[in-house]
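You will see two complexes here that share chain A, one where it goes with chain B and one where it goes with chain C.
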Partner chain A sequence: MKVSEIEMISPQTVEECLYHLGEKDKTSRFIAGGTDAVVRMKDGAWLPDTWINIKQLDSLRYIKEEENGIHIGPLTTHTDIVHSGLLQKKADVLTAASKEVGAVQLQNMGTIGGNIATASPAGDTIPTLFVLDAQIELTSLMEKRIVPINEFFVGPGRTVQAQEEMITNIIIRPQTENEIGIFEKLGPRKAQSISIVNVAISLKMGEKSRECLGGKIAFGSVAPTIVRSEKCERMLTINPLHDEAIQDIAGAAWKEVMPISDVRASAKYRRSMASALLERGLYRLMKRWDER
Partner chain B sequence: MSKQVEETQAYKDKQNLQWVGKPVKRIDGSEKVTGEQKYKTDYNYPNMVWGKVLRAKYPFAKIKSIDTTKAEAHPDVVCVLTHKDIPGFNGFGIVTPDQPVLCENVVRCTGDAVALVGAETLEAAESALELIEVDYEVLDPVTDAEKAMVQGAPKLHPDGNIHSHVSIRNGDIDKGFEEADYIFENTFYSPRQMHAFIETEGGWGMLKPDGSLMIQCPAQYGHRDKLQIARALALNPERIHVYSSPNGGGFGGKDEITVQIHLALLAHNISGRPVKIHLSREESVLAGIKRHPFKVTVKTGATKDGSLVANKVCAIADTGAYASLGGAVTALAIEHASGPYKIPNVDMEGFCVYTNNGIAGAFRGFGVNQVCTGIETHIDMLAEKTGLDPVEIRKKNAYRQGDVSSLGHVVKSSVGTIETLEKAEQCDLWKNRDLYKSQVSEPWKKRGVAIATSFHGVGMGLGSPDYGAATMELLEDGRFKVGVAIEEIGTGNGTVYAQVAAECLKCSLDHIIVVQGDTTKTLDSGTISASRSTYTGGRAIATAAPNMINLLSETAAEILDVPKSEIELANNKLMVAGDESQFVTYKQICEILLDKRKSTRVEGHFYLPKEKEELRNSGGAPHHLYGYMTHVVMVEVDTLTGQTDVLKVVAIPDAGKVLNPQGLEGQSEGGAVMGIGYTLYEDVLIEDGMHKTKNFTDYIIPTIRETPEIVTIPVESNEETGPFGAKGIAEVVMIPIIPAIMAAIHDATGARINRLPATPERIYHAMQATKKPSLISR
Partner chain C sequence: MKDIHFKVNGKNVSVNCAPTKTLLDVLRDEFDLTGSKECCGKGECGSCTVLLDGVSVCSCLVLIGQIHDVSVITVEGIGLTSNMDVVQQAFVDEGATQCGYCTPGLIVSSRSFLDGINHVPTDDEVKTALGGNLCRCTGYTKIMKAVQTAARKQLTMEETTN
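Let's look at the complex of A and B:
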């Protein structure tokens, strides 16, 4: 298949999209912001018979609070997320991560649905979806199903999403009043960089000084898929999160991750950095909590 | 504009100069900023043929056969060319033409060109490449420069793998080390930096109806490209027209032939249609030339009072598969390897070695970047060991104009090192460094402030032709067309040319039209490289100007009927001295000259001054002219991760008199950022001859977020031979910042990084290594 021979269609409704997805005799792929799709097309990796252009499907671009959580449409751009007052208040960890995706130009084009569907181990928004207990709604012509985020990814670039399915909603848990979150990223430079390691942290704080009632920690780029650090999470509640406790928790992180060596960093460094980013993130979170 | 530049300005005003020394806007500024500027690779034509190059599949292999039958059968293919279709000599290279235009028997790197395709569309050209069948016998690649030098290593070229060996010896090195109280010895490794210009290699060409050849492409020496094309195509160079300006960035990466000969071959096989080749970024990473990675072992001896007494250097440069300018790069490195100092005993040698790791060639700094780190690091170690001030040590050892340098020659041109160091000592960042260092943004971060100084030759050195030429033509509207072949590659040299011309001719800047890089309209004036274009082009214009003034005055004297000696040059006109009512305009003069069928064009020629004698076996040392530079930098290191930010840079160049302060600031800031990239981020990784770095995704160049506050404080040593006292600036601006950042990281953390780039991972591990072993983990 040559690039010039690929057909592109621009359906106006979700139903129309699903109809095209169901066509068995042709391969197809979605293109939304194009920040992954175009690059991979030029690399020759993604050359479907048909591009289904969904960029203009505004019905899938929304951020709203419902009874069962905050609903984010898959075509919501990273910039939409960064600017959302609702998310800044109730999902600060996600707005923080969206700010770290590539650079402003990429944030303007790239969508959260695309970040999820591409399923890169280094995808910046994905760890935050783990700490916010995201649920992914997958829709096909025949049915609609909800998949918890921790069951969604199978490996690098692979998910449980079937060819005839599309992501139609992302439901996240709103953070409560005493919950705070942070996203820490280590890249080779400040902008336009792919994570060497990243971590999303969300903590529920108590009445006493730096008392942590519980929290979630998810690492990206340290394994084929996101790693929830359950051991570190358990340690969060042992002692108030003063500097020593933070160091102890961070010190346990390197055992929780299974990174590889690649052109960006060695496995050894990535392991150390899992601890370093957790330490830095918890310190910054506690400073912010003290100053609230 | 910074305060310091304003002060310079005030000085210039006193000299009563109208244009020189003024921060004039770039003559090509608005079209560059708005994007309206058309570069050669922006041109497309309806009947254009697209050219693509088949690159080698392996870094080292014998070619057993090439079968183009299937590619030729492709319906949209116009032609498929191989080595058999080269009419002339199948090779190119500025010094040693050892790189095949199209490989015949062997491929030596994955950037090697094996065949050319011309097709109706780019896509058809790309698919046709896949239809060319090349039968290879794969060989084990030679990937380490040191191993390549060993006897028995597979030979990449008939004369072996050592392309060149240069050395400079002065004094008695053994005696020097005997006198030394301290000896420092370290090995430094430098990255394979990529030019990363915004416009990748490319261009277009065609045969004109009269059978002559035209090539339009970004390049750094169109007149030499003509000769290289002529040699390969067996053409008369006079029948080749190269138009090579403006460039979307050069930095040395377009000094060598890029696509010119391939375009010429295709143009001869497509019946007069235009043909275009434009490398994708991936292809540019693979096949474009890079900076030579060096391994440099340096041993420096010093006495307790801070005198440097001995310096021994051995540098090994990996030039990849072909020489290009590798020999010259290695020679310049050795010439500069002991810094701008007067070390009495030196023993320096360099080897330029072939491997199967891509191709290396010219790049801003030209070898000095790689060697400046050794001597500067050792001076800092000496300061640390003796407690002496690092600036004082440098001042004590720096040579002044008229002194004998480490090379043993008397430096006759201007030398600003000590003035740059004095300005550095007085600058806010250095004076208040302890305060700045205490202001860390988070408790686990550490700051360091450091200084380094270096220098860089201006012009080609001994053994290479080095001349400039300018034409000046009076136009019918009274303006002047100034032609200098030296291309615009982003430096703003055209603006400087306009300033020099307007100053000499006493006319306004917008009366000067500058033509650059067109071989049919300009005289050969050498390369845009070697920090030479302001100096050379400026001098050539200043040499042409008196000829023009003479022509104008003679004509004016005739018109006004007064002796020529009474004619005076005023603003945009000539008048009779002391009588403003009697004058003629430049426009009137042109009319008279044209009426009389007289030429309105003059020329100016200029040979760069050179030293009398070349140091034996040095490959061209010493230079007559050098630019000098000191950098002060502050870094902040995140000790948890090793992430390092350069926060402040003070850049103190001695480029002779500054012709355009705004241009100088632009060069200084661009150089600082490129130096930051070299030191902290950039490297093209090649393993077993195959590129691990393929695109900008994994090649990290600084963005605006990595760009610190940069203050430029010029020191203006008057260079008597230069145009209005100027020297050159383009390369030295990225050099001392490299060891300065390395030293600042050490100042912050105690860790020394001798392998660049100093990535967060390398800094983190170096910091870990400085910690004392302990039973208790942190």
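Let's look at the complex of A and C:
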């Protein structure tokens, strides 16, 4: 298959997309922002018979609050997320992560659904979806099912999404009044870089000084899929989050991650950076909480 | 092969080609708009930046089949020698170019950035806005200065017209 022989269809509805996905005699793939798909096509890794172009499918581009959580359409761009007042208020950790995806051009092009479906262990929005208990709605011609985010990823680039299924909604838990979040990322430079390690943190704070009632911590780029750091999460509530407690929690993080060595960094470096990023994130969160 | 209709720099155009051809290749090969450059081809350097319906994107990662009915603005649409935009004039005045390969992308990104703000940006704001445009010669100091000069000029022009 040559690039010039690949066909493209641009469905106007979800039903039409599902119909094309179900065609057995042809291979097909979705293309939205193209920030990953076009690179892989140029590399020769993704050469389907047909691109199903969904860039223009505005019915799947929305951010709205419903009874069971905040609904984000898979074709919502990172720029849409950064500019959403609702998410700034009730999902600050996602806003923070979306600001760190690539640079302006890629934030304008890339979509949250694409970030999820691509399933890169370094995908910047994915750890935040773990701390916000995201649920992914998958739709096929036969059925609709909801998959919790912690069951969605199987390995690098692999998910439970079947060939005939499409991501049609992402539901996240809105943060409560006393909840604050942060996203920390280590990359080779500030803009436009792939994460060496990243971490999303969201904490529920109590009445007393730096009292933490509970929280969630998720690391990216340190294992085949995202790692929820349950040991560190349990330590959050032991003592108020003053400097010593923060150092103890961060000190436990390196045992929670299982990184590999690759072109971007060694496993050893990633382990120590996981601790460092968690420590930095907790300091910054507590500073923000004190100054609120 | 497919017929694709869209707008380039305000003019309605159509092209008959494979839908998987990149917008960048179509602009350069079919319309001779060679301002937009291919450098990395992966969305990392910003040399190919154009505006799609007013939004900055890397044209090397947009397939032509995806932009039916969309309006494309390239660096040529922002200004030519005879009608230079304030951003372009500021780049000239501040000497913010060396080899020039990254300049068209920087002009488009800067234009798009200045369209969205109403003040003279700080160094940090310019750095964030232009983080997707790599320059391997200048060291960026003059580029940042040019963007700030353009912003200042634009604000004075707006004040006089109001």
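Rule of thumb we're sticking to: the second predicted complex is superposed on the first by the 292 of 292 C-alpha atoms of A that agree within 3 Å, B and C clash if a C-alpha of one lies under 4 Å from a C-alpha of the other, contacts with A are read in each partner's own complex, and residues count from 1 in each chain.
Everything that follows uses one rule, which is that a residue touches a chain if its C-beta (ideal position, glycine included) is under 8 Å from a C-beta of that chain, and two chains touch if they have at least 3 such contacts.
For clarity, every value in this text was computed on a predicted model and none was experimentally measured.
Participant: Just to be sure I read the superposition right, which of the two partners does A:R280 touch: chain B = first, chain C = second, or both, or neither?
Facilitator: first
Participant: Looking at A:I31, would you say it contacts chain B, chain C, both, or neither? Reply first, second, both or neither.
Facilitator: second
Participant: Touching A:A252, do we find chain B (first), chain C (second), both, or neither?
Facilitator: In the superposition, A:A252 touches no partner, neither chain B nor chain C.
Participant: Quick one: classify A:A103 as touching chain B (first), chain C (second), both or neither.
Facilitator: Both chain B and chain C are touched by A:A103.
Participant: Now for A:V14: first (chain B), second (chain C), both, or neither, which partner does it touch?
Facilitator: Neither chain B nor chain C is touched by A:V14.
Participant: Mind working out whether A:N53 is in touch with chain B, chain C, both or neither, as first, second, both or neither?
Facilitator: second
Participant: Touching A:A191 in the superposition: chain B (first), chain C (second), both, neither?
Facilitator: So A:A191 meets both chain B and chain C here.
Participant: Would you check which partner chain A:S272 touches, where first means chain B only, second means chain C only, and both and neither mean what they say?
Facilitator: first
Participant: Tell me the contact category for A:V3 with respect to chain B and chain C: first, second, both or neither.
Facilitator: Once the two structures are laid over each other on A, A:V3 reaches both partners.
Participant: Using the superposition described at the top, list the residues of chain A that contact chain B and also contact chain C.
Facilitator: 3-4, 103, 190-192
Participant: So in the complex, which bits of chain B are touching chain A?
Facilitator: Touch residues, chain B against chain A: 121, 123, 127, 442, 444, 638, 640-641, 643, 681, 685, 692-693, 697-698, 700, 702-706, 759-761, 764-765, 777-778.
Participant: What residues of chain A sit close enough to touch chain C in their complex?
Facilitator: 3-8, 10, 31, 33-35, 38-39, 41-42, 51, 53, 55-56, 79, 102-106, 108-109, 190-192
Participant: Could you pull out which chain A residues touch chain B in their complex?
Facilitator: Touching chain B: residues 2-4, 103, 186, 188-194, 196, 247, 251, 263-266, 269, 272-273, 276-277, 279-280, 283-284 of chain A.
Participant: What residues of chain C sit close enough to touch chain A in their complex?
Facilitator: Residues of chain C touching chain A: 2, 18-22, 41-44, 46, 49, 55-58, 60-63, 65-66, 68, 109, 112-113, 127-129, 131-133.
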